[in-house]
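One structure below.
As written, the chains take the letters A, B, C, D and E, and residue 1 is the first residue of each chain.
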Amino acid sequence: RELSDPAEADAYLSSPTTTWIHIQGNPGTERLQAFGDLFGLHPLALEDVMNVGQRPKVDRYDGQLFAVLARPWFDGDDVAIEQVSIFYGRGFIVSFDTGDNDPFKPVRRRLQHSRGRIRTRSADYLLYTLFDFVIDTGFPLLDDLGDRVDELESDVLEQPRAAAAREIHRLRRHLLLLRRMLWPQREAVNNLLRDGDDIIHEETRPYIRDCYDHTIQIMELIEVYRDMASSILEVHLSAVNNRLSEVMRVLTVIATIFIPLTFIAGVYGMNFHHPGSPWAMPELYWYYGYPVVLLTMLFVAGGLLLYFWRKGWLSRVQ
Amino acid sequence: RELSDPAEADAYLSSPTTTWIHIQGNPGTERLQAFGDLFGLHPLALEDVMNVGQRPKVDRYDGQLFAVLARPWFDGDDVAIEQVSIFYGRGFIVSFDTGDNDPFKPVRRRLQHSRGRIRTRSADYLLYTLFDFVIDTGFPLLDDLGDRVDELESDVLEQPRAAAAREIHRLRRHLLLLRRMLWPQREAVNNLLRDGDDIIHEETRPYIRDCYDHTIQIMELIEVYRDMASSILEVHLSAVNNRLSEVMRVLTVIATIFIPLTFIAGVYGMNFHHPGSPWAMPELYWYYGYPVVLLTMLFVAGGLLLYFWRKGWLSRVQ
Amino acid sequence: RELSDPAEADAYLSSPTTTWIHIQGNPGTERLQAFGDLFGLHPLALEDVMNVGQRPKVDRYDGQLFAVLARPWFDGDDVAIEQVSIFYGRGFIVSFDTGDNDPFKPVRRRLQHSRGRIRTRSADYLLYTLFDFVIDTGFPLLDDLGDRVDELESDVLEQPRAAAAREIHRLRRHLLLLRRMLWPQREAVNNLLRDGDDIIHEETRPYIRDCYDHTIQIMELIEVYRDMASSILEVHLSAVNNRLSEVMRVLTVIATIFIPLTFIAGVYGMNFHHPGSPWAMPELYWYYGYPVVLLTMLFVAGGLLLYFWRKGWLSRVQ
Amino acid sequence: RELSDPAEADAYLSSPTTTWIHIQGNPGTERLQAFGDLFGLHPLALEDVMNVGQRPKVDRYDGQLFAVLARPWFDGDDVAIEQVSIFYGRGFIVSFDTGDNDPFKPVRRRLQHSRGRIRTRSADYLLYTLFDFVIDTGFPLLDDLGDRVDELESDVLEQPRAAAAREIHRLRRHLLLLRRMLWPQREAVNNLLRDGDDIIHEETRPYIRDCYDHTIQIMELIEVYRDMASSILEVHLSAVNNRLSEVMRVLTVIATIFIPLTFIAGVYGMNFHHPGSPWAMPELYWYYGYPVVLLTMLFVAGGLLLYFWRKGWLSRVQ
Amino acid sequence: RELSDPAEADAYLSSPTTTWIHIQGNPGTERLQAFGDLFGLHPLALEDVMNVGQRPKVDRYDGQLFAVLARPWFDGDDVAIEQVSIFYGRGFIVSFDTGDNDPFKPVRRRLQHSRGRIRTRSADYLLYTLFDFVIDTGFPLLDDLGDRVDELESDVLEQPRAAAAREIHRLRRHLLLLRRMLWPQREAVNNLLRDGDDIIHEETRPYIRDCYDHTIQIMELIEVYRDMASSILEVHLSAVNNRLSEVMRVLTVIATIFIPLTFIAGVYGMNFHHPGSPWAMPELYWYYGYPVVLLTMLFVAGGLLLYFWRKGWLSRVQ
């Protein structure tokens, strides 16, 4: 059921079953304070609910448990993080989500239709279910980032693109944000396991452990993507370098061959003229002057080509 | 009240309430010694108060607690660190700050106006408040640095700027200094929590834990900014590289096309002249000599353009 | 024997000996559930068997042990990972492998032929054998990758190849995947050793320790190959750089020598002509004009060569 | 007093006070053996005194304590490390220093003039004083290195210098050596604190802890300088890259504009001449031929300038 | 004495003294099995003796101790690793070395000549001696590598050499191999110390601790050389970059000055000729045409030189 007033929750509290109240979006300070008074929540925890952007953590306040989790999603092209805050005490669970869409809709539906193990289990199983839902929102996001990594990789392996460095940077930015917010989640879930004998029952512990495994898997994926991004950037820089090297090679071969030839042509374009002097460019007046010069040019070009061929500059680096 | 003489503090000490004395700026060796004698402070701790630039830490001297904290602020464009030293013993708190402005003014005002939880709580809550104030001065500073990172990022993503490397270096310098001074703060706050049963009351511990969370958050932000700075530098270097590659590509295409053409023009600019020889540049005297040479040039240029087009050098790297 | 129905396994269970059942390929949900009911397997573990791609781990569910291992192999040119899941309880071992080929064929043959220590030992020795087989599949793979590293190295040391960066990237990709999947294997085997007093007998422990040594050896090899790949990439980039530098050196030497000479030739190719003016290129009409200009050119070229020789640009960087 | 013979020390040993003997420079094997026999020093420790270059450490040999410390100093432009070895037993301290200058002169003077706390305290306070003196020799050295880092930084930020990489390398070399020798010092001092109840008195422990803080501070400074050096190197490389890019830009703009113009001039420098042919360069004989060609050149140059201006190549990267 | 048959060793075993048997080279499977039967060695340990290339380690098999150590040496220009395997039990030590030369010859000689502490001490002292000998073979090797590092460094600091990257890579390869094989040695020796109360006597422990110090020293040297190699590579790359920058600067200055001049010369080399037109290159027929053009060229060249001088391109980067 949907409640419009925290006071309505009071009736449920006295019943022996577990009451779960979920508040979507910004609760507002007063409503939050009302909840705090009703369930005896710690003021520091309430502050953390209001000041969104907290690191994921699990705190204990005499018998109660307060958890902050991070729910990442793609807001258009950017990674956004919603804060999920969960209070867990005797007979109640109160959860808050800062986003616009309720991530726990499927949980509620299951509860209403008495489907799955969720109704027959104890309250800590419900707590596990909430943790599980929030943590597993990381996987589709990472799949998406993984696709971008693969795409970037095949783009860069095919041909150098100037935008690659920028896109890799954007990817890294996402990964940095995710790592910062999801890394403490691992510790938070582990915190549940460490000295949670009194709060988490023995039969729920394997489920929490499974949850913990997921947080580790997410961190490992993030690290792998970061390493991939670095490696792709290196391939990209190497490709840009190769292209530059290739461009310079062609320029050098062509310029170096024609510059001496042009010089020779320039020499015989000079206008020295002294009718009586045998030193005034007599070549110009030889019978075979022109073909001899052309042959000379051919020899020079051939020699340079031979030099480049032996240096391996005529074929591109494979 | 403001005191002008350490001896005046004596009267307050005998009262059952907690006395908090704050000394702003350099206390001077004698005045410091007077305080030391009055409260029985350890000589090593007094030395640390005088020799500013200490690493943040929490030390215990039989029943007394001595804390050094770092308060960072922007001194113009540079990050400066003020040392805050706090003595905490039975019935008294003595705090020192090396800066010009008292960071605890709001705390004092709250105490005077009996606002908040601060007056009704025990002395360790006041200690927490001081820690909290000093540690949270890191956040606006990091927000400012975060803005600089974002600014640098959008600058660099837009177009390469030669000064980018220098600005990234300056940013890193700030982050290095902050990391060096704020990293041990984490450990210091944790030290309060670890075996502080006798000094920190049970109900104040969640507050200290909150403080500890803040120190971790600050360190994580610093690490994220460092990673961002490195990534931005790589984008910048890649952009400079791309620009160089682009410049070379244009030079190569234009030079490589015109150098052979100029050579051909140079050949027919030669002055070989032998009236009787059929080898003396007969092309010059052909009916269609000139247009044939122009066409040859066109073919050469076209061939080279085709070659470059197939190499993908005519369009810039996207 | 090959079974077609999980129910057939029931008969074996009641016997005092250990029953080992191996299921190759996808078991299908129903068949898996049947096994789960028969042996009392935990539903979370069964889920992990179905959702392949799990991190290697060893979990304990009241008395039973559930292990996930990763079996890497070369699928053509790519590294593929098959998931091996092993249940170990009182009197039974159930193993699953997602691949097409049974990796435990040699174990079965040994058992059937009563060869080796395997038949006379207790059930945990069989468990060790299965672990050993799965873990040791990493060695031939790493040998193969090691060969590729060596090949790349000798290729790159000989001459720069544009594809080197790409091949190193592919290698790194394989190593990243392997590291991600094999790293937790180490911890999983160690988990067997840590508090396994009740499950692993004292005389089997040295064997498990040997297994653990192998997982460490594999991780060390992966790290060494990663370091090698980075080092090779640096050699490659340095070689590309050297080649670029070499190309530019040749271009600079030849262009810089001939450009001034061509300019001189260009000057004397000008058509200034004023019969009465002594300023209209009188050099053209000198008796020794031409040889003087040629000598000038020779001096200029010689001077530049001398300059380059002293700068050490005439010989390539060794 | 100065002793010339180890045997003279015997008399002091029997007195109830603590005897401190300091040996400067190389003691020689025999003299060392004499000391060893006199005080019952362990042969391994004596070996370590002779074989200088040991890692700093604190070892315990039944009741005795043997410490090796590293005393760094600037030997001209190079960092040199002297080994300080200290034996501490019941009633005696024997210290050795391999350098030429006695680092403990001020300690002796204080002892002789009964200044400070040093005479009234127990023997472990003297031990602390020796440790403190040796460890604090690191600070002026690091100040000096810090100055070099700052100098390099401002040099590199101002303009690229070819020698920067070399100087940064030299700096790193110093830092590597310091880190290698001073890092274990931290552990050695901590060793004194850990289980030294019997050797270090309760009231001396805060002093040793202070000493330990100094070792950490030194290591942190070394790490900061290393990070600074890396960052400066990156700024330097970026500056070299920028300069190269700038040089290439100017070359490209000027070469690319004049190469086509020179080609046009070359064309009209050709000597095609056929009196009867209307195709033999008729432009040369047009009334407005020359100004038309000059205007064409102007258009070409203008077009290219426009192209470069739109590409942003006419202004340097800021 | 040299034995030709394992059975001969039996006689020695019954004596109350410690028997040390050393087997050089490949023992062969049968002989090894004979030893295994004689001394009751664990089959897994025997396997490790045969399969050379094991990681150094210390294992315990009920009362016996099995150690694998790595003995590095220079095989020509490559680093090779020999495996030394040592069994240590009540009354015997059996050691194996895979190399050609017995590393324990000096130990045997000392034993035979009753020199040193080695004969009078207990068996674990002999064990220590063997460990010490194997571990200390690392020092001359690292000295040699240190010399190569220094040589490379002075080579690279003097002038860029194309082979530097390759040599640094080879060095790194050696260091990687050494690190991989010697790193676990540290742990192995530490293993002796940790819970070796029953095996290693109290008076031998300082010696083992000394041994442990040596393994750490070796690892630290390897790390320092790796850091040095990276730093040298960076210096080398920077030098190559500087040289490229220098080459381009010279090319740019000379090409940029002469290209416009050549263009001007080209213009006045054009053959426009129209007797009646005042537009047909009248400059060619001016009285001062030629010197005016030469002066123009001089101004252009001077202007460009001034431009370059103000940009600081005429002097090389210092």
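To be clear about the criterion, contacts are C-beta pairs under 8 Å (C-beta built on N, C-alpha and C of every residue); 3 or more make two chains touch, one makes a residue touch a chain.
All figures in this text were calculated on a predicted structure; none of them were measured in a lab.
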Touching subunit C and also subunit E, the following chains: none
Averaged-CA centre spacing for the pair subunit C and subunit B, given as whole angstrom: 36
Counting only Cα atoms for the centres, state how far subunit A is from subunit C in Å. 22
Which positions in subunit D are in touch with at least two other chains? 241, 244, 248, 251, 255, 259, 262, 266, 269-271, 281
Name the chains in ring order, counting from subunit B in the direction that reaches subunit D next. B, D, E, C, A
Subunit D partner, complex, touching residues on subunit E are 153, 157, 206-207, 209-210, 213, 216-217, 220, 224, 227-228, 231-232, 234-235, 238-239, 241-242, 244-245, 248-249, 251-252, 255-256, 259-260, 262-263, 266-267, 269-274, 276-277, 279-281, 312-313, 316-318
Which subunit D residues qualify as touching subunit E in the complex? 42, 44, 54-55, 57, 59, 61, 159-166, 169, 172-173, 176-177, 180, 233, 236-237, 240-241, 243-244, 247-248, 250-251, 254-255, 258-259, 261-262, 265-266, 268-271, 281, 283-291, 293-294
